[in-house]
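In what follows, structures are represented as structure tokens.
Okay, so chain A shows up in both of these, paired with chain B first and chain C after.
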Partner chain A sequence: MTNRLEGNEKVTGKAIFAGDIHVEGIVVGKILRSKVAHARIKNIITDRASKLPGVLAVITGKDFPDVYGGRTVRDEQAMVKNKIRYIGEGVAAVAAVDEETAERALELIEIELEELPGVFSAEGGLEDNAPLIHENWQSYWTSVPLTRRDNIDALVTAKKGDIEAGFAASDLIIEDEFILPLIHHAPMEPKATVAYYDSNRKLTVWTGTQSAFSVRRGIARYLQLPLSRVRVVGVRVGGGFGAKTTATIETVAAMLAIKSGRHVKIEMSRQDDFYAANPRNSMKIWVKTGVKKDGRLIARQARILVDSGAYDIFGANTTSQVVTLITGPYKFEHLDIEGTCVYTTKIPCGACRGPGGPEAHFAAETQMDRIARELGIDPFELRRINALEAGDDTVPGQVLTDYGYTNVLNQLEIAMKDHLDNIPLTPGKARGIGIAGCFWGMSGIGSGATIHLNEDGSVTLFIGAVEIGNGVITAMALLVAEELGIPVENVSVISGDTDAGPYEGGAVGSRTTHDLGVPVLNAAREVKKQVLSFASGQLDVDVKELELGDSRIFVKNDRSRMLKLEQVANSRINATGGGPIVVTASSTPFKPDYDKQRVSSHSRASKPFFVFGAQAAAVDVDLVTGKVSVCKVIAAHDVGKAVFPKGVEGQIQGGVAMGLGYALSEEAVFDQGRMINANFLDYRIPTMLDVPEIIPIIIEKPNARVPEDIRGIGEPPAIPTAPAVANAVFDAVGVRINTLPITPERVFMATK
Partner chain B sequence: MNSFRYQKAGNISEALKWSKESQAYYLAGGTDLLGKIKTERIKPSVLIDLKKIPGLRGISFYDDRAEIGPLTTIREIEISPQVKERLPILSSASGKLGSVQVRNKATIGGNICNAAPSAETVPALLCLDTVAEIVGPTGVRQIPLDYFFIGPGQTILQNGEILRKLIVKVPPTTSRGIYHKLSVRRAMDIAFVGVAVLLEVVAGKIAHARIGLGAVAPVPMRVPQAENLLAGNFLSKELITDAAYITAQSCQPISDIRASADYRRLMVKSLIEKALWQISTTIELPGGEVK
Partner chain C sequence: MRQIKFRVNGVMQSIEAADNQTLLDILRERLHLTGTKKGCDEGDCGACTVLLNKQPVNSCLVLAAEVDGCEVITIEGLANEEKNDPIQQAFVDCGAVQCGFCTPGMVMMTHALLEETPNPSEEEIRNFMEGNLCRCTGYVKIVEAVQTAAARRLPEGGGECD
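Take a look at the complex of A and B:
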């Protein structure tokens, strides 16, 4: 199996991350972050900071054009001008010769504020007399029509059938409320960036990002520059998980670079990251379900309350996704779903590894377990009876073309017998086993790719995607190598540079391997076509008689007649050859229809594809303390076609580990809008010792086609882990913990 | 992070002299100190590195006691064959601090002088009747570790005094000790309850008892009432329940983001019971039979 192409540089510490960039004259950029949650800015006095020797630039919101940005709702400015809306929000920034001078300069900036009452919960934001967080909310641009009002960022609804009739026709009605914490992506590398504005008035930004093109678009908008004058180079990234999708510190570094004429580097500290990365929303989800005695799900009603924080960032989208996914991968005749995303004066939340997925499935899949227990139906059987299959529709009425959930369940059930039945019991601990399934709609964004056939028969592949650890350059190189019959080492991948590769939508929404795989493969096929066509003339045989392999073109029934790829490449360069082989291809994503009558204010109503997964967890619950330890997790995920199998395994392992953190230990705790556990001691991501053996089961479609059947795997493995663990805890000690994380104290107090 | 000077002390008197500067801090392993500097909880003017001072590192065993230099790393204590054999409770508690990487740097003196209520090694050291030998401008004094802590992050050390030596009583081979740490993670976590129990058992009867607690009071503490109840008696179900109950009543836990006071108190009771039960199963009854 192929290893990661950039693996050596990473394991030997040679990979260049943004923080590693050192050039002559580079200076340090620092951001002054607000210590208050909600305040009107009366005045910011920067004179003393500017005069400090060693300070090259001091900027505030006033230095930026008066524009708003945002993906779905344009409600945020590059740096606040009039109003602070959360603790950690940037209010000024400096560039100075060294870190100490920069920090000293920040201390010299005086801010005159009029403090305003804060809003520290979604419920608080909905109160009649709640302070209005965005006074100008009515003037904000939105990418789709959204129901918005006062502190409501988006009110998303979906209705199907007749909910009351559905409940009336049900034999069993079950209600639950779930409380889900705000969690952080906690990448190993907090965000870092370097910006430089050169004498030709071109801005270049080197940054650790999931999407170079998205950062370029953001910077260009906030600074009102044409895209042609902004170049973004994605360097190596120490983990994204949704935290590094848009322009944030990049815009600030860019403005400091313009003002100072120097290379400016901004590195966020871990604490900055806790205060200002865009983490996963906290939520409350209420779910009421009606079901027949035989296990058929009939009706579901749900109310989803989402704390967006100070800005939308991804709030309307996440809320929309919960509205879609709250059914779990199951069909219902009657639905009444409402998601309310509310502004608060807290850290604005963004996308975090499957935004909406882990939240919706924690509710849906733990309630599924409860239904199975109450009806006395096997949990696998209950899931199979109700499984969404091709031809069924989602909450917004998109008819699925993908199928495979039943097969995923079957494969998981078989694997459990092999892997979970004989784990030795531990004295003093109760063993439990739980399962949970998931479905997930991939995002679709158009992308392009370019391939050069080099003179020696090797190729250079130009893509705009940044290798963020997702394995994109290896996966894309493998697609090209296989198509052209050359070793993967003979594919050089130029990636992540907006001036060197075609547009690419970014490592978001589990989309890259499919969305970029299509143009990469189409370009490779066109290269192949041109090669074969040229060889056909040279060898005087029909194209159909030729095949590629070992960097050669063979006549199928007489393999002694052949041309080297290198000969074709060279001949094409010669006067009569037609010129070098250079092919660019691009693709647009599918936009399946959905039922517009069924949903309102939904920003993610249809998805190009859906994928399915299911996981089983075996846990031990300490009977003295309530502490849950996970013995083993089996994770079965349908990827259609695994292009880079080791990469897929890595994504499954990492996703489950993150899911375990959500399940058992991670929670940002706030006091009046200030995170009080903004460190890795009290914000507990799992350590290596806490992560058990994870058995990945990669499920491929029979006779999978490439690239049509390639599906994403970045997000799904993080989705069903928490409900699988919660269901295992119930199996062990008979209590339902509907509040994450499932801490020892919560379990102990529930069992008492 | 502000800049500060770094000075390596060659001997104790040099360190004592430099410590007179305001905002001078002693540096041992640095695992607590550097975190505090980075998060600006302290702003030192100078760090005085004690690691090059001769004689402050190492473990020596004598008949009835061990002497541990404060700059001995936690990892050295954890893996020392002699500590494992003669002070198993200390070895076990040391192995639960931070991670291997942290234990390789962190020192036992640092763990004590940092004075966290949850300090991992302290409940075990309290059970071992540890005496702290302190050197300062006015001379040397010896203080039982029970009296060393006066509040979270606060000790009796003053005027630049340095912890010079730990004198640890080696319990007889008939002793049994257990340390239980309750935390969420298996590594890189601090105890929200730490419980150490050490019993010396002669012919089935408890000759000597010690109970040390961490993270359930402003300072690590012993529980003399429970120790007195246990001493002189046979370990029975009733005695175990009573001792655990008294211990839980004696501690003064707080509610914070790590755990509630109620849960902490309940866990003290449960973990003391568990430890006593575990010890009871290894006690040799008269006649050589193991209970």
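Take a look at the complex of A and C:
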């Protein structure tokens, strides 16, 4: 199996991440972060800081143009001008010759504030006399029509059929409330960036991002520069998971670079990351379901309360996704769903690996387990009876063309027999096994790719995608290599630079392999066409008689007649007098219809594709302490076609590990808006001792068409893990823990 | 400030450092050996693992004064231009690298483990490396890489990951 192409530089320590960049004269940028949650800024005095020897620039919100940014709701500024809305929000920044001077300068900045009462929960934000967090909310631009009012960032609703009639026709009605914590992406690399403004007034930013083009767009907007004068280079990234999708510290570094004339590097500390990355929203989800005795799901009502934090970032989108996904991968005749996303004076939440997916499925799939037990139906059977298949529709009424959930369930069931039946029991511990499924809509963003067939037959592929560990470079090189019949090592990939590669939508929404795969393959196909057409003249045979392989062009039924790719590339240049073959291709995403009558204020009502997955977890619950340890996880995921199989396995295993953290240990704990466990000792991401063997089952479509059938795998593996674990805990000790994480205390109290 | 002398990857270094400067900052900022990563600066993640007199340490917790007269090996000291160390190669071959940020620390820790325990059990690997966090891989392939590297370093050789 092919290895990751940039693996070598990573194991030798030569890979350059943003924090590793060093150039002569580079200086340190530091951000002063607010210690209060909600306050009006009366005055910021920077004189003393500016005068400190070694300080090159001091900036505040006043130095930035008066514009707002944001993906769905433009409610945020590059740096606050008038009002602080969370602890950790940047209020000023300095550039200085070294770290110590920068720290000293921050201490010399004086801020006069008028503190305001804070809002520390979504419920609090909805109270009649709650302090208004965004006074001018009515003036904010939104990308889609959203129902917004006071502290409500978005009120998303969906209705289908007649919910009361649905409940009346049901034999069993089940209600549950779920409480889900705010969790962090916690990539191992805290975000870092370097900016420089050169004498041609071009701004270059080298940064650890998932999307160079999004960062470019953000910087250009916040600084009011033409896009052509901003170049963003995505260097190696130490993990993203949604934390590194937009311009944040990059805009600040850019302004410091403009003011100081130097290269400015900003590195976030781990604490900065916990205070100011844009983590997964905390939520409360209430679900009421009506079901027939034979297991058919009839009606579902749900109320979803989402804490957005200080800004929208991704709140309206996440809420919309929960509204869509709250059914789980099942069909219902009657639906009444309402999601309310509320501003609070806490860290603003963003997209975290499958935003809305793990949350919705924790509710849907643990309740499914309850229904199976109450009706005495096998959990696989109950899921198969209700499975969404092609032709069924989603909550917003998008008719599915993707299918395969039943197959995923079947494959998981078979794998469980092989892998879970013979794990030895541990004395003093109760064993339980649980399953959960999922569906997930991939995002769709158009992208481009350029291929150069060089004079010597080697290939250079230019893409705008950043390699964030997702394997995009390897996957795209493999597609080109296979299409052109050359070894993957002969494809050199130039990536992540907005000035070197065509537009790319970013490592978000499990979209890259499909969305970028399409233009990459189309470009490769066009290169192939031109090669074959030239070779057909040279060999004097019809194009249809030719094929590519082993870096050669063969006549199909007489393989002794052939040309080397190198010869073709070269002689074509000589013959035509032109340059090497250069092809650029681009794609537009597929935007299926949905039923506009059914939903309101829904920002993500249709998705290009849906993927399905299902996982099984075996756990041991300590009968004395209540501690849950996971013995094994099997994760079956449908990918259409696995382009880079080792990478797919890695995505599945890593996603499950993140799901285990959500299930068992991760929770940001707040006191009056301050995260009190902002370090890895107190905020526990899974260690090598917590994560067991994870068996990935990669499900491909028979006769998959590439690129059409390629599906993403970045997010889905993190989705069904927590409900599978919770269902296993119930199987072991007979208690339902509806609040994540499932800590020993919670299990202990529930079993007492 | 104090003058410290220590050997890094076989080369003698003599630098002036503030007492509170960490070995990690000296390596990264002064010697530009940026292969060693800073994931937390608090001793909680293992990304900054180097060998100090052959023992694995979190270099973010080691102060300048403590390294005077010592021998330090970083990730840059393992490979030569021609050839990766078998541990590095096993990490590549087994798909144990995704973003690669935890990788230098993981590789150094593996080095320390295999020097002491050439043929570790899975349990020994997991116990020894527990302090090295990885957010990308779920550790499965990292454990496989350590096992593969161990096998390849044994005289009887072998060690393939699929």
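Descriptive notes on the structure:
Methods note: the second predicted complex is superposed on the first by the 748 of 752 C-alpha atoms of A that agree within 3 Å, B and C clash if a C-alpha of one lies under 4 Å from a C-alpha of the other, contacts with A are read in each partner's own complex, and residues count from 1 in each chain.
Here, a contact is a pair of C-beta atoms (placed from the backbone, for glycine too) under 8 Å apart; a residue touches a chain by one contact, two chains touch by 3 or more.
Just so it is clear, the model here is predicted, and its values are computed rather than measured.
The partner that reaches more residues of chain A, of the two candidates chain B and chain C, is C. When both complexes are overlaid on chain A, the residue A:625 reaches chain B alone and has no touch with chain C. In the superposition on chain A, contact of A:600 is made with neither chain B nor chain C. Shared-chain residue A:3: touches chain C; no touch with chain B. Legend: residue contacts after superposition of the two complexes on their common chain; A:693 is shown touching chain C, with no touch to chain B. When the two complexes are overlaid on their common chain A, residue A:584 makes contact with neither chain B nor chain C. By the document's definition of touching, of the two partners only chain B reaches A:676; chain C does not. Touch criterion met: A:189 reaches chain C, while chain B stays clear of it. By the document's definition of touching, neither partner reaches A:492: not chain B, not chain C. By the touch criterion defined above, A:745 lies against chain B but remains apart from chain C after alignment on the C-alpha atoms of chain A.
Across the two superposed structures, the residue set of chain A contacted by chain B and also by chain C is 679-681, 687-689.
Partner chain A is touched in their complex by these residues of chain C: 28, 32-42, 44-45, 47, 74-76, 78-79, 84, 88-89, 91-93, 95, 97-104, 107, 125-127, 129-143, 162.
Of all residues in chain B, only 1-3, 39, 99, 182, 184-190, 257-260, 263, 266-267, 270-271, 274 touch chain A in the complex they form.
Interface residues of chain A, counted against chain C in their complex, comprise 1, 3-4, 6-17, 19-20, 22, 185-190, 236-239, 241, 267, 269-270, 468-471, 646-647, 649-650, 653-658, 679-681, 685, 687-689, 691, 693-694. Residues 99-100, 103, 271, 428, 624-625, 627, 664-665, 669, 676-677, 679-682, 684, 686-690, 743-745, 748-749 of chain A touch chain B in their complex.
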